[in-house]
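Each structure below appears as structure tokens.
In the two complexes below, subunit A is the common chain; its partner is subunit B in one and subunit C in the other.
Let's look at the complex of A and B:
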């Protein structure tokens, strides 16, 4: 509230400094928000593609697995899975996109060649190979989707935060500061006008006093002249 | 039973003919394709599979119940075959049914390797081979791969597994052990077969099975691009390839296809081979190989009705019945259409 601020020149200067800083911050945050939105749109396109791939790969993998379970039997598929030695691994690092720290997920041992899956070639079939291939493909897409969608969510949170900050500056802080500045300026001008008025009054009073003194002196001089005559 | 003494092909074949007549017909498959998994289980309860469905009904449900019942019924029939055969007949049947011993050895090794509990390994065994209950129990008690191999000492798998153990210890993957088990099974099939007109034709059938196995593995490798020494997957005993030829053919899939096309199997496989050239998947080709093998065994069975041939034809048909019913049930569970499921079945 403007009335809470003491209308002093010092406060006016402080408010002017804050206005300058807030305006600069507002511009910077606006630029950041626009930049984040542009980056987000790129990631969104990528996320949509990855999500489509994920759905398609899931359908394919599930179908191949169903086929393998149907034709080879659940027991054979489970047995082939149990022979796996090198389980997939993921490592996470982070990268910075316009101040937002997003994960970068690296996977290893996901795609395997026929000799790395652990089950013997002689006692298995192409159905199990194709189900394993499809699931490896699906796992790679899941890892990519996790990376892209996490980045997207973090960007979205950051955009929201930045937008709230921009709005707070634009619609709350800066208007309040402008109001305070205007209030103090008005008060100071008023004080100045009052001061001028007061000075004028004092001056007029002084001049009146001086005139009275001069008049009294003139009268006493006239009286002295009459007495001497 | 024993491998010594006189053989009894007449008796075994009479029993096999009766069992063959009880196999599901095409019409029954068509009925099953329209049913839900629970309806299939119900239908099985009123058929040949009644006992297994009732025995396992309290432990399993849904398609798992169907699959375990099918496996148990298969094991029962094949054990019966071993039970009523004698002499040379027993030996020939046992050799073929050792594929289930190989399956059980691999299942136990995979279970031990992955740290599965005894009960879940036991559930996945198919007790249709030569190993009896007490021997399988001894294998199930093993806590390490080395213990499993030690327990197999004295069986056909003992020495080859011992030889492959070093590779396993180096790489810590089961591939060398599993390949040793499967290769031993195939090589033992042909070892010291006696000579007679029927057995010679049976040998041709086994050679075809080995050729098909080598061909499909070579095609899988050619498509996957994996760099594996042919010695690791090649099975000796076939007519179509030797290890060196196959190594070259894996590098050139077109050459591999034309070698199969030019072989004695070319005429029957020409359709699937044409499709294979444009297809991304090997599955249809594998199905065609299974179908050709099944037809081959049936033909042999008709040519020599009092030999091992009708018995092997029955074994393949029974396995096919189990696979077809399982495919229908799993297919229905996964929501596949009737046409899709029918496309996956191998029906003669």
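Let's look at the complex of A and C:
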């Protein structure tokens, strides 16, 4: 509330400094928000491509698994799955996009050759191998999707935060500061006008007093002349 | 630190991932999803060794509101849903909120 501020020159200067800083911050945050949105749009295109690949790979993998189940039986497929001893691992590194730390996920042991799978060449069939291959490929796409979608989530969070800050400056802080500035300026002008009016009054009173004194002096001078004659 | 991929869903959904070597699989039968899926997701979310959670998009409505929000907004581990569009996993709503327009409109 503007009425809460003391209308002094010192406060006016402090508010003007804050307005300058807030306007600068508002411009910078707006630029950051726009930059983040542009970066986000690039990632969004990439994410949509990855999603399409993910859905296509999932359908293929499912189809191949269904085929393996139908031809070899569920027990054989589960048996092959239980025999695996190498497990896919991921390591996460980070990169910075306009102050937002996004992950870069690297994977190992996702794609395996037949002899690395552990269920042996004789114990399985080509259909199980094909299903395993398809799921390994699906895992690779999932890892890529995780990287892109995490980057998207982080950027969206940052965009939301920046947007909220911009709005707070634009619609709350700056209007309050302008209102306070206007209030203090008006109060100071009012005080100045009152001061001028008071000075004029004092001056008029002083002049009146001086005139009276001069009149009295003139009268006493006349009286003195009359008595000396 | 190396992490693993976790798969949560029905046994039919997880079998294929087991075949690709995924070790962390939470099997929740279709008829027990309403009771057990929340616990399975919370267990995996609390596991520091898990970097990616894979779920089917159709399983998401079985989660309670709190767990669903926790898993959708989680960055580490991050959720990847299969069988849904580009806006699945809560991304569509988040994009609408942050950017102000529905960029995933053409996807559905």
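Assume the second predicted complex is superposed on the first by the 228 of 229 C-alpha atoms of A that agree within 3 Å, B and C clash if a C-alpha of one lies under 4 Å from a C-alpha of the other, contacts with A are read in each partner's own complex, and residues count from 1 in each chain.
By our rule, a contact is a pair of C-beta atoms (placed from the backbone, for glycine too) under 8 Å apart; a residue touches a chain by one contact, two chains touch by 3 or more.
Treat the numbers as computed from the prediction; the structure is a model and nothing was measured.
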item	value
Which of subunit B and subunit C A:126 touches, first, second, both or neither	first
Which of subunit B and subunit C A:82 touches, first, second, both or neither	both
Touch count on subunit A, higher of subunit B and subunit C	C
Which of subunit B and subunit C A:113 touches, first, second, both or neither	first
Partner chain in contact with A:4 - subunit B first, subunit C second, else both or neither	neither
Which superposed partner A:156 touches (first subunit B, second subunit C, both, neither)	second
Doubly contacted subunit A residues - partners subunit C and subunit B	62, 78, 82, 84
Subunit B-facing residues of subunit A, complex	62-63, 66-67, 69-71, 73-75, 78-79, 82-85, 113-116, 118-123, 125-127, 129-130
Subunit A partner contacts - residues on subunit B that touch it in the complex	63-64, 67, 71, 102-103, 106-107, 110-111, 113-114, 116, 124, 126, 172-175, 177-179, 181-183, 186, 213, 216-217, 219-221, 224-228, 232-233, 235, 281-283, 285-286, 323, 326-327, 329-331, 333-334, 336, 341, 344
Residues of subunit A that touch subunit C when the two form their complex	37, 40, 44, 47-48, 51-52, 54-55, 58, 61-62, 65, 77-78, 80-82, 84, 86-92, 103, 105, 108-110, 112, 117, 128, 131-132, 134-136, 138-139, 142-143, 145-146, 149-150, 152-154, 156-157, 159-160, 163
In the complex with subunit A, residue positions of subunit C that touch it	1-5, 15-23, 51-52, 54, 73, 75-76, 78, 80, 82-83, 85-86, 89, 91, 94-95, 97-99, 103, 107
